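Worksheet for the structure shown next.
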């Protein structure tokens, strides 16, 4: 397998995506966007796995990526269900309004 | 896969099979009662299967799993926890939810996830177990969707868990990138010097992920909210099974890669342990919500467990196992009482609801007292023996500062445990929910289970020798022992 | 006969136990019978034992009787053991004999009191303790008696406890004497480690060989014992409790605060005289303490209104004489004065008690007067006592005993002109205040009506005591009037005789001077108070005299000084620290913890974004640590 | 075996009281009474039996030794043994146990079953502490005392009981955990030295400990015992606990729980760490003396009767600490006497405080006064125990304090001189008790009665014991003497070994 892109570059991209995701989670107030950013982080990890797998020439990285995808899907489905409930109850998707429990 | 592989994985297979079976039963529109009882039976079967596979230990199932004494011990704890939660769930959910049946499916899945974690020796298995557990928990936490707090807790847990999973995954990817191995024991670096920053970064990111699951400082902030918002039985499960599984895999991972020799990692863990013990206990100090108290207390207890974990020798392994056992028993009985006390609309959270419990319902009060004393580490209870074990481990290896911090922080802890007990013998309020009368059988069973737990607390406090020997035995048949000790 | 010895203290103890156990159920008559009977029996036994002692003196000069070993620890094994030599014989005679007379008097005096049995119980306990004190063969047992009499003194001063003032007076007495006792305890420790024993005969026997003369350890030890004596015997500066102790019933003042307990210090020093002889400094201090005390108390006595306070100061002063005698090495003279003093002072107190009782609890002499004819028995007996106190030459016991002290203060090798001068001045003062008391109480116009006259139970003891106040003097006469030395001969087995530096032939000069002092004092007061009272009135108007009067009346300001220096700071410290400053420290810790809780609790905002922020920061720190380290 | 029986009887009695208390409120107290009586008789008979054979100089000071394996993995055994010292304290435990039951007779009317359960289990813990010869077991019993005591104070105490209970528990637990650390440290040092990992007291004796570590380990033990005793800066839990506890609680706290601290110092601190203890001697004596004076001054300032008596305990226990660290036989025997007599005298004062509270419903001495005329019997007894408390000769406390001071005098004259200040101050506060409660004008109390028969019984027994001990303390001294003698020998042997010790240290340091 010949790779035209070096592992470092891909890892850099993955890292960037990951940081982007973190930033998104931290700065967005809308729950949907937060969920989205988390997905970006997960995908960044997936990407990192693929890169790592590529480096060692093993399929394990890609296997892992598929697992990650599946899990992300499951997560999003539950997440969206919850978000529906939240909207139902609070009429808002602003995460900062959801702070009834504290102390 | 050979027959033996299947044989070794019987407990896991049984658990997943149970999940499917219960699903089918739900489809058959059987009543809650029947489903509860059948899942109880299935839990018992799964639990007994652990003894059934004893003779082939240790056994490697491919590259993914290892079924050894340690793993089986933790799986046993996890299933036990599922079992207890299951017993106590009937009345709790019967009162609250129209369709509480799917709950049992999720419970099985989560148990399965935690068990997979405990047996995994490969990143993929780790990830798989973790996610089965976590995704199941998302649903369980928000199960009582009618309650505001449930949803809030659910979304908090979901976002944070996914967030931390991302860290874990990225960390795993980095390690994989560096070592080219996904199986724990293959990634042993020849010497610590050859390790790159990338490897350490990976390890650090994994720590973030695991730290979240264990809810140690600084990743502890979700605990209280989730404990409070989740239905009490689910909280009990999170507090025990989910943490036990994660800790088991962490231990296995560290032993396999001999992580104890990486001083930055160990330093980090030491700091985390110290801060967790202190913050956990401080946070609970004047808390009035019992579930939150237990949440913060669990933060501190994870700190204690890390103290046992850090020395990284045989004794520390035994101490972790023993402490996990005592912690499971204790936490389950504490939450058990909370579950029994909970009414139709809200959980029995406020400690004022426990006023005068000693006079109104001495049985529950005694069990909760035992649990509190055990958490506080007072002799005669399991918690003391466990804490003693941990202190012994720490001191044997010369971790005096950690031992002293443990002691001082548990003194702080004493205050809030005592507050709970004090609440139970002051005041005159009658808070026993009436519906107990409606479910005499389940109530009795629940009390029986709680009594057994209470008795275990005392038994472990007075005569822990059997359990200690049992754990040593279990560890002898552990794969991880042969590799590194 | 020496096996009867234990009975002497045992009888009063038995009386005490009976009264405590059954006192409430006995009639007053039975109570009195028990109380008086036990002491009288003890007196009888004393006389029998004493007779035996004199007729067949034991070897070594002492009867000894060991009852049991008190304790036995690492070679420290004090015994409950009694020992009787001539010194203790004098004391137990005085205690039991005067004690029984006072008990008889009390049977009448206290007749109307509701706590009749409690009174006799305490009195019996007192006699028991006092007997243990003087009969003890070791210092520890003596200490038991020593503190025991303190307790009884406390109980009896505060006998009328419903008036808080009496309680406070009692407490003051106990605490001040305790200060002395504590010093004495330290003395005991020193002695034990120096001699390895607390048995007094062994100590006195070995001391000269163990200690060098005038060594500092000897001085310190002697001074510690002296401090004990000063507390009990109300010597400067621990004298302030005794005037207040007059709050107790008069028989108590007579027995405890005049005749017996307050002379315990004299007994102690006489008993341990060997130690004092080894240290010239200590002995000199004893003399000086005595001299200063007798003068200070004498002047205070001159200015009191309360008849009992006059007597109290007089007691302090007279014990000062005894100390002076001890200090100049006139051991037998001190004991002789003790005995004479016991008789006449007990008499005076009892008579004063009778007067106070008759006048309806009136203590002030200025409200008495004219009692000479109304209470003749009391008057005459009181007069005899007063004569003895002011040392009326030739006819009174007090004369013989005090004269001896005056002479030795000059003539002994440890005496000095200055000591003699103070003693001389003291004699003058004594005569003066005694006369003043007589005049104010018995002469002049009657100011308060008499309630009821004392009965026979009260007058007979007065007469007996009056008799002894005269007669007791004749057992020891100076060499120039007959040279009769019965008393000092008796004691010479125990106490050494005094070494003289002056020639005995000059003694008559000093006797003459003593005459002058006594008569001078009497005359002066007679003029000022009786013949020409306007003189005293005029004197009273001068401010400096007033100041002096108040100063002396208040006991030379010692009370105020102690209040200022000790009591007030102690009470102040105790008050401000009532809630225990150390606890503030722990409360501080608790509140710091609490603040930490608040702080941490504030981080649990409930906001998901905040939690994530926390996680991110945590992750950054962890990753930073991984990379840095 | 008799020791196991003793513990078993107390445990069983407690449990029976708890269970049967569900049916009837009066049964538990009878069960408790029978239980403590049996226990007391058992140990008393044993004492009588052994008394003749106790020999001061015999090498084997242990009267009974009972050992069974318990937690083998750690080398922990269920090991009970007693010598004269323990025996005395056990007798005291039984004795005060009876009194505690008797003085709760009327006072406790609520939840009697649970009450007597706690009471008896405290006794279990206390007797266990006095018997345990395995450090783990010792710690175990040490903590077992706490919980029931916590309940006792927290449930049946007076107004401020919760605060007091917390304070008591947290203080003792915190210090106890430090001791646990020290125990573990000792365990591993011994294990590493010899290869034998054990908590057995006899094996751990003579463990060679590097001196720096030794001091730290000793401090761990010392702090635990110092808090219990209590020693000056750690005393603040005591007034609260004592004043809020019910009468029996105060009695047991003052009479027994404080004694465990002194016992621990004698049994563990000195024998296990002779070198470190010697280094600690002067500071400890100074602390003791501070405690004596400080406690006395505070006692004087209190207006709450029980609080006052509590501070007198601080003062008296200062004597104990001073005596223990004087390291000679006189002082040690004084300490033993002090333990016994303080239990009796202070116990009596607490009982009396309870009786007064029962009648007047107050503990404020400013609201009392003139009680003598109403209750002459109580007055006489109160006076007697006030006198005992100030150390009047003829009563037991005097012997104790005298011996302690005599022993301390040998070591340090100045410390003794300051300690004797305690004698003066004790007079000040004791007489204040008499003055404020029994003397002075009587106020218009309602109809108050003097002692009942039960109360007379209790007080008579106490009176006889304190007077008996004051006049003939020899049984106590004789019984304790072999143990004390051995301790002194040990210290002397150690003194001659000091040179060798330094060599050891060098070799250990590598």
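Here are a few things to note about the model shown:
Each chain carries a letter (A, B, C and D) given by its place in the written order, and its residues are counted from 1.
What we mean here is this: contacts are C-beta pairs under 8 Å (C-beta built on N, C-alpha and C of every residue); 3 or more make two chains touch, one makes a residue touch a chain.
The model shown is predicted, which means the values in this text are computed figures rather than measured ones.
In terms of the stated touch criterion, the partners common to chain A and chain D are B, C, listed by label. Shared contact partners of chain B and chain C, listed by label, are A, D. Comparing per-chain C-alpha centres with the mean over every protein C-alpha atom, the closest match is chain D.
On a Cα centroid basis, the chain most remote from chain D in this structure is A. Comparing chain pairs B-D and C-D by the number of C-beta pairs in contact, the larger count belongs to C-D. In this assembly, the C-alpha centroid of chain B lies 42 Å from the C-alpha centroid of chain D. With each centre defined as the average position of its C-alpha atoms, the distance from chain C to chain D rounds to 38 Å. Distance between chain A and chain C, defined via averaged C-alpha coordinates, is recorded as 96 Å. Separating the centre of chain A from that of chain B, both taken as means of CA atoms, is a distance of 26 Å. Contact with two or more other chains is made by residues 25, 34, 95, 98-103 of chain A.
Across the assembly, chain C contributes 601, 604, 606, 608, 612 as residues in contact with two or more other chains. Multi-chain contact residues of chain D, defined as those touching 2 or more other chains: none present. All chain pairs that touch, listed by label, are A-B, A-C, B-C, B-D, C-D. By the touch rule above, chain A contacts chain C in their complex via residues 22, 25-26, 29, 34, 95-96, 98-103. Contact residues of chain C toward chain B in the complex are 593-594, 596-597, 600-601, 603-604, 606, 608, 610-612, 614-615, 617-619, 621-623, 625-629.
Across the interface of their complex, chain C is touched by residues 155-156, 159-160, 163-164, 167, 197, 200-201, 203-205, 207-208, 211-212, 217-219, 221-222, 224-225, 263-265, 267-268, 271, 279, 282-283, 285-287, 412 of chain B.
If you check the complex, the residues on chain C that touch chain D are 20, 24, 68-74, 76, 80, 118, 140, 143-144, 146-148, 151, 154-155, 158, 161-164, 166-168, 170-171, 174-175, 178-179, 181-182, 185-186, 189-190, 192-193, 570-571, 573-575, 577-578, 580, 582-583, 585-586. Taken in their complex, chain C has these residues touching chain A: 601, 604-609, 612-613, 616.
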